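The structures come next, written out as structure tokens.
What follows is a pair of complexes built around chain A, which joins chain B in one and chain C in the other.
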Partner chain A sequence: MSDAPFYFAQFLTGLASASSLFLVASGLSLIFGVTRIVNFAHGSFYMLGAFTAYSLVNALPSGIFGFWSSVFLSALLVGLIGAMFEFVVLRRIYRAPELFQLVATFALVLIIQDAALWIWGAEDLLGPRAPGLDGAIEIFGERIPEYDLALIVAGPAVLLAVWLFLHRSRWGTLIRAATEDREMAGALGVNQSLLFTAVFFLGSFLAGLGGALQVPREAASLLMDLNVIAEAFVVVVIGGMGSIVGAFLAAVLVAELNAFGILVLPKITIVLAFIVMAVVLIVRPWGLLGKPQAGQHGAGEPEQPLRPLAGLPLVAALIVVAALVLAPAIAGDFMLVLLTDFLVAALFAASLHFIMGPGGMISFGHAVFFGLGAYGAALLVKFAGAGMIVALAVAPLCAAAAGVVVGWFCVRLSGVYLAMLTLAVAQIVWSIAFQWQDVTGGDDGIVGVWPAQWAASKAAYYYVALVLCLGGIWLLHRFTHAPFGYGLRAGRDSSLRAESIGINVHAHQWMAFVIAGGLAGVAGSVFVFSKGSIFPDELAIPRSVDGLIMVLLGGIKMLFGPIAGAAAFTFLEDIVTRLSYWRAIFGGLILLIVLAAPDGVAGGFARLTTRWRGKALQAKP
Partner chain B sequence: MTTVMKVSGLSKHFGGVRAVQDVSFELGENQLLALIGPNGAGKTTCFNMLTGQLKSDSGSILMLGKEMTGLKPRQIWRLGVARTFQITETFASMTVSENVQMALMSHEREMFGFWARAKDRYVPDALELLMQVDMADQARRPCAELAYGDLKRLELAVALAHSPRILLMDEPTAGMAPGERKSLMALVAGLVGKGGVSVLFTEHDMDIVFGHAEKVMVLDQGELVAAGTPAEVRANPLVQEIYLGQPARIDQSGDEGAADA
Partner chain C sequence: MTRFVSLRLISLCVAVLAASAAAVVAEPIKIGEINSYTRLPAFTEPYRKGWQMALEEINAAGGVNGRKLDVIARDDAGKPGNAVKIAEELVSNDKVSLLFGTFFSHIGLAVADFAKQRKVLFVASEPLSDAIVWSKGNRYTFRLRPSTHMQAAMLAAEAAKLPATKWATIAPNYAYGKDAVKEFKAELKKLKPDVEFIEEQWPTLFKIDAGATVRALERAKPEAIYNVTFGGDLAKFVREGSLRGLFENRTVVSLLTGEPEYLLPLKGEVPVGWIVTGYPWQFIEDEVHRKFVDAYKAKFSEDPKMGSLVGYNSMLAIAAIVKKAGGTDTEAMLKAASGLTFDSPSGPITFRVADQQSTMGAWVGKTGLKDGSGVMTDWRYANGADYLPSAEEVKKLRPAN
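Entry: the complex of A and B
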């Protein structure tokens, strides 16, 4: 008696999962291919599909017709919601930097989260089995659910349908043309707005379909969105952004990896997929079947030359610093805690800005460095019995060391692929922190990491945070104005020119990762002593997105943007999280800001002053 | 005349397209050498191999007595070879002066400095270089605001920053107004005349080529088909055929544009 039948059954289960994964990923890939938007909300569309299908199946008369029409109607509904989002929000910000669109989609994630919580509640909802497919078939002595077999057929069927649509219909041809070269398609008279809306409809439809089809297999839950989006990103990147066939191959690969990985290393299946993705990206930086991205033409207005901090801005900065120094004299403990949070957030955002602004590299995983600083400090205290000073000094080095490793991989990629790799790293490190119970405490985290005696009062620790965080920000500012920072900007502006005047662009970018990693680590270690504890959440993807939001709130082209962004974020979060359905409110606020000030809070301010200055200049004779 | 650059047997294929085929030539010291040819002849491919942007399939490139094949662009630059781009490549988020300062800082190996204010480094030297290309009055303007002709001149100033012995210019006057073209090439010719730098350039504008180059090489379908003084090249019947064309040739020129892409 061999294990072959069991492995075969496992293989079939993998294929069934591959089908629904493919549906989500293909939609994501289509949307990215045409609009160049990394749609974080795609997982939310999938979740919506599952929830609406659950409701419709229960509302419509049971039976084969009822079941399949609920699946179809859910997909249709989700498709319409996606199209509406494109029409109402994204359409207004296509000209903004691509990160803005990303943050807008993340705002939608928050809104859909709370909408689903409001409509369907927090309970997991398991739908009925599919009528007519509720049995199981015995294959080689293993019972395989009929529904799984149907899904195995459905995946390739949808692939075929999408492929035929893309290659045989006029719309499909336009979509492929726009994927290849959006500007050229536009120049040839293709109605881009309509095309984008259509692609959003199609992509969201597929996500909704994937979610709806999942109802008989898996309970619809509020965790579905971010769970599936991480996997879908992996699939899309492995397959190649914009390639449907690639998405299918990658979906099968990842799903089988999960199906068999779970037998060998049950705890780290997601890590396995991310490792495969990292390897694929190193070997083929644009995925299995993807094509190297054409360079972006005219990506927004170039940044203004740097000016040294002088005059009015210097006075303003000094006033802010003075206010922060004097704060303990008037602020109560609560306010001091909030200000400490702000300082930590400001250094975190500033370090992220260092690689994103001057470095021009988008990172979705910056919280990794923050978390490693925090965990590093906590572990030093817990296992090595280190004091606060030692922990604060050594932990950032751990984060910087991670910067050495992560940076080495990252500088070999660019654009979205780089962002995806950082996302992968974040997910891997998060999984380790989450599952390595013996060391990190897993979900329970590490508690009891308090400051030294002399820094125990809120005010004393506030000063520790003030010195370290402002010091870190000042260093970043100094580096940005130093030849190194200029070299980094040079590589971003034109790597061709930089290399042809002897600047080693990769070395600059790599070093930037190390610096940014180390200083995010400082922020993390300051954080852990201020809270007394650390949990895996602090290095998860949403935390990284927080950083992105802060940078964008402040305006990526502004040196002091991240600080303004961190301030806005910290205080908004503090106010909003006290309300029920705060995620939706927060998401709405983000959308509002994204729509009103595409260059961020500080950017909007700068625009006003430039306009004012421009008028003053014109007024002179 | 001493030779500063000796290219032999340089070849490059893109799939089935022979972009550059067994090209050999020499650049003499203080020479102004032009490389011309119709669109798709392989000029830019050839150029990108010389500057290290593209790896050659075979052949050797000796510059200043050193083998350059396999070196990265920045290593070639360090050895005293500067270049300008067909479509300008400048640092849009910096001022005109800062663009030049970058090259100066890089030459002094200061790029990994974390403390100095980059803005204040080598300002007088940068200004002097900008003066050479008649851009000193625009030194403090953001580079992003410049007219295209001015960008081309800025590129020349950047290229001259580390006093290169060899200057490679890919269509230095493309996109400039006719008047500007002449003055730019007169400037380059003047530099060569003063001594110290030797220039290889590609060009479409025949007035520029025949007006300034000491020697002209003609590339067609990846191969060097003629070389000589401007007068010789002008009189060459093959060159005339390539440029003026004959009905029979047009049918054969299937791979146009493939190599220059």
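Entry: the complex of A and C
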């Protein structure tokens, strides 16, 4: 008996998974292509699609008609929700700095999580199988589920429909024009607002459709959103952002590699997609079918030049530092723990801001440096019997060394592709920490990494954290205002001009990665001694996203932005998690901040003080 | 200067408090509780209801040693760092006398290590990891729920009775899945040396590529399958597996699948005849258990789940510890807890002296269908004590401390 039928059937199984993956990714790709919004909430729309389809299937009369109309209706509903979100929230913040909109989508993720919990309850909901497609047929003696075959058809059918829409309709032409060059399309009189709403509708519709079509395959659950979002981004990036055909090819590639990979190496699925993405990005920096991103014609206000701290801001900064130094005199033990958390978060966010703000490079995987610093310290203590001081001194060097390697690859890319490569690296390192049980303890982590005797009291360790974290922040501030920092910013603002006056832009960016990596490593090693344990979670996506939100929420254009963001994030989170449905509240608060201060907390604060000063000046005769 | 003032203030407060304490006597005993309520509500909400019900019953009966119990419950959002921060707040701000809770094994380990560092008693209610009581065990941590090893050993005992010798395994690729497979293999080999494990699949947790995985298992043509997947992964595995005939003429042995949390979401598609550990609450006739079920249904108008029982027993365990210790001094409570036996709806439970693991057991039986939803049939209660290694062996597993 030959193995060919088996492999053919395995191929078909892979194709069915590819179709599911493509449906989610296509909408995400469309939305990004036109609006340049990194939509974290796309997975949430997918989850909503599955839940509404579950409810509708049970409400409508059973049968083929009932099933397919509930699939269509739920996609429509989700599309409308997406359009409404664009209309109510995103529309107000398009002029905010690049990527700021992702903070709003992050808030939406939190809100939808609690809304779904409230509406549908905590339990997984298993819907019925698709009527008429609930069996399996034999192909060359191998059983293939009928619904898999339906999906294999549905994927390309949706691809064709979207392709025809984009290439054969007026709306499609406008969308493609906007994908190519948004400002030019606007200048030619295309109504951008309407276009963006339409694209959001279509993208969310596709996400909802993808979710609804999963009902016969899996239970609708509250974990669907976060489970699908990373994979969807990976597919979009491998295919080339904005390219629907590319997304399809990428989905097939990832799904087939998965289907055959598990025959050889079952554990590989945990990281396979990210490895593929890293390889593709290194070989083809814009994905399979993507094009170099058109130069942004400077959305929003031009960036103000940075000024060294002097005058009133310097006094304010000194007051904050003095307050932090004096805090142990009045604060209780827990307040000190919370302040230590804040210091760690502030240095982590400041180091991320260093590459994102002055460096102009986005990172979705900054947790890799944080985690390596933390793991480095923990491993030094566990295996080399190092003391706390040695661990705190050496561990950041591991993170900086990682910065050397990661930076070398990353500075060759730009924009979201660079960000996704950092994400891939972080995921690969995460999977190593997760799998390598003998060394890292796997997901059982490393425990028992507590401060040395002299620093065991909360106040003593707080001072250790204070010195290291404030020192790190000061160092970053120093670098930003040194000639190196000017060179870095020159490269960000115009790499061509910077190159032509003799600045080696890549070398500057590379160094920035090393510096930011090392200092994130400091934050990580301070973190591990404050918690006593380390788990792969600290290398994972949520840690990177937290950092990103702090930087963006704080205001990317201001040097004290990440610190304000870290403070807002740490203290708000600590307060709201005491409440029930705190995720919705937290999300709502973030949305409020986003709408009130599209330039971040620090930016909004600066605007307020300028206005106040302006008024004071006017008041003078 | 400020410190001086605040110290004086504190000592004043302490004096006032001491005076009022003398006057009122029955100051409640504060207990800290941490769990992943938002991350995994399907598992942690029934648990919360369980301990809340026990708490109300205990307080209605006058509390423990004349003092009421007061539980401060917090959500760790599924992050170990958060859990440690909250533990710190509960201990230093809220001045709780002990901690309990946690669901995820890694969070359980983080809090257990915190307990060791801060010298607080921690009753780990739900985490299954063997490391909590063995390789990373410490004298401050007691674990209630039957561990991975115990449940795997219960299933191995049943699996050894089967004629099957060629086995395949499928488990989520993380510590719990790996431990569950390792323990099952070791126990089954001990009982039946001629078994072979011919295929293993390790889908990523909650991201199973079910079709491809099922086909890979099918290709190996095993005689029996050992399954550790759960939640959404299990639903997908069952659907794809039955469509592709994976379960035809094969015995499946499946960890935890008989617990209502895992069984109910499968609705009418529960595969019949799988050998599982679980909780057949509908059929347990024991009087204490009946009372628990009736009270639970009356209070929450829903059926109890495994988590409900674990939560309920956790609270009973804590009340028993505090009662025996005669107060909330940590050393006294540790001494009281070690070897303590208390009554519960699961029958008498003992915290073993050797490893501080409780002997709470699980029910072993087969899956079945009744009125379109999953139940357990042919079940028996497996006492945890029978599936734990001897004190001698534990000595080798546990670090000396």
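Note that in this section the second predicted complex is superposed on the first by the 609 of 621 C-alpha atoms of A that agree within 3 Å, B and C clash if a C-alpha of one lies under 4 Å from a C-alpha of the other, contacts with A are read in each partner's own complex, and residues count from 1 in each chain.
Here is the rule we go by: a contact is a pair of C-beta atoms (placed from the backbone, for glycine too) under 8 Å apart; a residue touches a chain by one contact, two chains touch by 3 or more.
Computed from a predicted model, the values in this text were never measured in an experiment.
In the superposed model, A:489 lies in contact with chain B only, and not with chain C. In the superposition on chain A, contact of A:125 is made with chain C only, not with chain B. Contact with chain B, but none with chain C, is seen for A:306 once the two complexes are overlaid on the shared chain. When the shared chain is aligned, chain B comes close enough to touch A:508, but chain C does not. When the two structures are aligned on the shared chain, A:481 is found in touch with chain B, with no touch to chain C.
Once the two structures are superposed, chain B and chain C can be ranked by residues of chain A touched, with C on top. Shared-chain residue A:497: touches chain B; no touch with chain C. Of the two partner chains, chain C is the only one that A:219 touches; chain B does not reach it. The residues of chain A shared by its contacts with chain B and with chain C come to none at all. On the side of chain B, the complex with chain A involves touching residues 51, 53, 72-74, 77-78, 82-83, 85, 89-95, 98, 102-103, 105-107, 110-119, 121, 142-144, 158, 161-162. The touching residues of chain C, when paired with chain A in their complex, are 2-3, 6, 38, 41-42, 45, 74-75, 77, 79-82, 84-85, 88-89, 92-93, 105-106, 109-110, 112-114, 116-117, 129, 131, 136, 173-175, 178, 200-204, 206-207, 209-213, 215-216, 219, 231-232, 235-236, 239-240, 243-245, 264-267, 269. Residues 301-306, 308, 478-479, 481-487, 489-490, 492-494, 496-504, 507-508, 511 of chain A are the ones touching chain B in the complex.
Across the interface of their complex, chain C is touched by residues 6, 9-10, 13-14, 16-17, 113, 117, 122-126, 129, 135-136, 143, 145, 148, 217-219, 221-224, 227, 231, 255, 258-259, 262-263, 266-267, 269-270, 326, 329-330, 332-334, 337-338, 341, 434-435, 437, 442-445, 447-448, 450, 458, 527, 531-533, 535, 537-538, 542, 574, 577-578, 582-583 of chain A.
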